[in-house]
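Pasting the structures here.
Heads up, the next two complexes both have chain A, just with different partners, chain B and then chain C.
For the complex of A and B:
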């Protein structure tokens, strides 16, 4: 059928023209989309993807003091880490640390947020106070706690002494150091967590509570059946962010304990820092960083898998 | 069954100007009482004060002869439907309906029984497991109603419950709510800004404006004898046509907006005080069509809306727009001079200064068959 009927020919031509036009629009849209993404692609590549790849690459090598690769060792760095008692200890400390601070941070912040959400005179002052730790740098907060923890003239031990108890070597006693660092971190985290939770509370429709009041619901019934479920997306966000932050804690360790005593507070990020910039073992440090990355990724994935089911998105 | 009694109820926020001024009102048992007014008139505030969601600044509120001024909402034995329904988004329809019963620790079996009874009544049986976001607007509205019904509270408060629905659904829900109220014998306080809802649903209506009662009465009273200019223009659709008028007693003429010259009867003249400056109002259906011969006036049509069963025509009268509503279809061109008949017996006369009614229209549009 080489000849076409004159009637269908122009119709098919038109179809072809339409098809070409459609393809052209598609290409143009694609280019436009890429252009919009380009700034973030460049930024992410330079500051995120490239260093990440470089870290993975470095973790397979031994390096000299300047960080240049010397010998390819394969998985040797990783194997050494998992047989090193120091790294395993810092692994354990990190998990303990997360366990100490995450529930405490969220429960205290939620409590404060619920309090600060009440319609009372002067509640704005309390909101400012409760969220103020957000505006304090890690260094300043650490120094401030350093004084509180001071074994002889620190306020905490003075209170203990006043109560007739023996002072605690907050930062020097291996049994207490991690707790002390945890308390500092909880205190520092509360500002941010409080603010986010308060925001979440304030976005809950007041008429839900009014309706519950008319229905005869009590305070704790409302808290359990309305506030917490309505807040669950915010709680989930806060949980995820707090866990990730806990895994990445560095500043307060460096100032308060420097990993000591007896490596009790040598959390993974601090251990990475020491390995890289004190011992100049960039390969081993990179291996630790990769492990931390996978750890956080796994934790977050698990949370989304199991936690998200209990979250009520609007 | 309970009545609600308010004495000098006043509300102000932060000692500012009063939002509500000395409201005196009694709502009878089993009555469908509508609070109507434009937005900002204080009607919702009053309703929330009955519910106990707002403090009462001054005055006495009684429910069932018991002073409730300081009683928390849960002890007032009432239910409320909110404008946005206030459904709990994370709970299923069933949990939403049962929330109040569980809070009050009603027995499991009783809960079941009431749930089934209510959902049968509201036709929600198939949706019990759904979340509110999976329901249409009308269904959500029903869940909100079901929540009020299931509590078996004798007083039900509704705050503009139909304002989020489309016009058709609104009309059918109007009937449904009205039937429900009659069937359960509820004392209903219903807030709306829609005078159609007020007219069609209320046993009695209270018109509220700027925190003061304008008039309380049954719908027909409000329509036929509006107490003042505000009620006259608020109740009725299209609104009452209003114009300033001057009475010429010597010639027995009433001149409206310097244009319409209407024959004034003796009784009309005797009803109007000598020095009063007056405003007249006439309902859209009282401006009747006339043939060229028996027309009393000719008016210029500026807009014609042909709805099929009736036609709304707007006339311009010295900067005022007057509308008429005639049954049937009318072929009228914009700009045409239309012959109309205006009788002074159809005019409602108001005092311009105070807005108060001096004399109501003498004719009412009765239906063909006496009811």
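For the complex of A and C:
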């Protein structure tokens, strides 16, 4: 450094000053960026990341009624869950519920979307009606169906009676309660699923149909060979979203069955709610919440992995 | 392309039958809300229409208070989400700084955490803050929203970066640029997100159930549950009147903004 010629010195200084200025700008940019993000970061930390970690933490403890930890029990809460008949039943019911509602929701919504995608006069009214259940809250929908399922004056049993069949204890018969809750949920899901699928149908390149028409392809051939394959990314999205929503079901259960009869409809979120806010077993409830988290994480990961690539690409 | 008449008729028949089936529960509730209790209990068709159920719903239950609470809560959440999402989206699109990409992944990660799984500590936080039975407790936890940030980010990306550079040279700060240029340009997306936020907040169930214990802040969804559990004497007309009042705002919003909402949701879902 000492051999530096005097001529380069000012240049060097300038570069140093420039460098310092750049660092200052960098710091300023960083502060500015963080400031714009700060409100979101704070709220995510307080109401999302911290609670999630706290849930995992609580799942290793017993707690008192206020939620303070009392005894560290390690994996005991989890072991108990997987040996308790009530939780195993809740687990089974949740999966059965997913099985009942996911295929039915998608098939019915796809049918409606295909119908409503035809260029017919007045089709807009039908689109509005098909999507209407999206605007109906879980509380209102449950109240509607609570009446429909009513054993003595509900419309469903009246129809059954009219057909000469015996009435069903929709919400009180252990064999039917989960079915009844599923019907309600499918109906509620149709609006959103229909809208998304209709959007998917409308984004399919029309020239595919035109060239199929030239080849003289029939309606169902086009449906099977063009519509469904081209729609597969949307179908996949709808599939994962419906499964995730099914895992998170709560309101219908709270109004229609309160988890009964005989815990048949005690789906996982309702089970968490009951364990935590009725029985004050926050540790055991947290262990269930962790399992719910893992289930949904798996679904989301699946969606990101395959959804990104688009299932079908032509 | 014209369709053969036979096919057209088939489509219309299928459309009408499906529409009747899908709309039947809603239509039934609507009709029942105007029926006398006698007609409902005897299972007959309505012999007369009356507003008694609505009158009774408002007089026996604090329905007005529930409605006001729901409007306040939904509007607060909607505004909170719009402000926070747009600020965050602005940072992700226009600002370059160290750690931005990591923060972006953290935002994505938040979408993997279901609220139901973290509801227990959330309840304790609200309780410890003294926010049970307050608008703050009902709204603040939902202000930060990854989906909204992504939706707006997509939209902000279409604004040319040169516009910002020009504004900065003209002496406009980032915040002023965000407020006076970006926000007006992104108006359509903001409306879509706002409608979506309002709809979801209005229909929220689990959290208002936990975070409220009295009628002063209780939202209309929980109010409806109260009506249904307290109304032991099969006053179905009154309950349906309550349910109709609950769904009218969201149905109206949905009908008015259906096209936009569909576009917005599809974009958010598939990009």
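Definition applied: the second predicted complex is superposed on the first by the 257 of 314 C-alpha atoms of A that agree within 3 Å, B and C clash if a C-alpha of one lies under 4 Å from a C-alpha of the other, contacts with A are read in each partner's own complex, and residues count from 1 in each chain.
Convention: a residue touches a chain if its C-beta (ideal position, glycine included) is under 8 Å from a C-beta of that chain, and two chains touch if they have at least 3 such contacts.
Because the structure is a prediction, the values reported are computed rather than measured.
Student: After the chain A overlay, clash or fit between chain B and chain C?
Tutor: The answer is fit.
Student: Per the contact definition in the header, classify A:205: touching chain B only (first), chain C only (second), both, or neither.
Tutor: It touches chain B, and chain C stays clear.
Student: Who touches more of chain A, chain B or chain C?
Tutor: C
Student: Is A:213 in contact with chain B, with chain C, with both, or with neither (first, second, both, neither)?
Tutor: In the superposition, A:213 contacts both chain B and chain C.
Student: Using the touch definition from the top, say if A:127 reaches chain B (first), chain C (second), both or neither.
Tutor: second
Student: Is A:230 touching anything from chain B or chain C once the two structures are fitted on A? First, second, both or neither.
Tutor: Once the two structures are laid over each other on A, A:230 reaches chain B alone.
Student: In the overlay, answer first, second, both or neither for which of chain B and chain C A:140 touches.
Tutor: second
Student: With both complexes superposed on chain A, which partner does A:195 reach: first (chain B), second (chain C), both or neither?
Tutor: Only chain C is touched by A:195; chain B is not.
Student: Could you say whether A:82 touches chain B, chain C, both of them, or neither, answering first, second, both or neither?
Tutor: A:82 sits against neither chain B nor chain C.
Student: Is A:72 touching anything from chain B or chain C once the two structures are fitted on A? First, second, both or neither.
Tutor: So A:72 meets neither chain B nor chain C here.
Student: With both complexes overlaid on chain A, what's the closest CA-to-CA approach of chain B to chain C, in Å?
Tutor: Once the two complexes are overlaid, chain B and chain C approach no closer than 5 Å between C-alpha atoms.
Student: Can you list the residues of chain A that meet both chain B and chain C?
Tutor: Chain A residues touching both partners: 213.
Student: Show me the residue ranges of chain A that touch chain C in the complex, using the header's touch definition.
Tutor: On the chain A side, the touching residues are 26, 29-30, 32-34, 36-37, 39-41, 43-44, 46-52, 54-55, 58, 67, 111-112, 115-116, 118, 120, 123, 125-141, 143-148, 153, 155, 158, 187, 190, 192, 195-196, 198-200, 203, 213, 219, 233-234, 237, 241, 244, 247-248, 250-251, 254-255, 269, 272-273, 276-277, 282, 285-286, 289-290, 292-293, 296-297, 300-301.
Student: Which stretch or stretches of chain B touch chain A in the complex?
Tutor: Listed in rising order, the residues are 51-53, 72-74, 76, 78-80, 82, 84, 86, 88-91, 99-100, 103-104, 133, 147, 151.
Student: Touching chain A in the complex: which residues of chain C?
Tutor: Residue positions touching the partner: 1, 3, 7-8, 11-12, 14-15, 18-19, 22-23, 25-26, 28-29, 32, 40-41, 43, 83-85, 87-88, 90-91, 95-100, 103, 106-107, 110-114, 116-125, 140-141, 143-145, 149, 174, 178, 199, 202-203, 205-206, 209-210, 221-222, 224-225, 228, 234, 236, 239-240, 242-243, 246-247, 250-251, 253-255, 258, 261-263, 265-266, 269-270.
Student: Mind pulling up the chain A residues that touch chain B in the complex?
Tutor: Residues of chain A touching chain B: 205, 207-208, 210-218, 221, 225-226, 229-230, 232, 312, 314.
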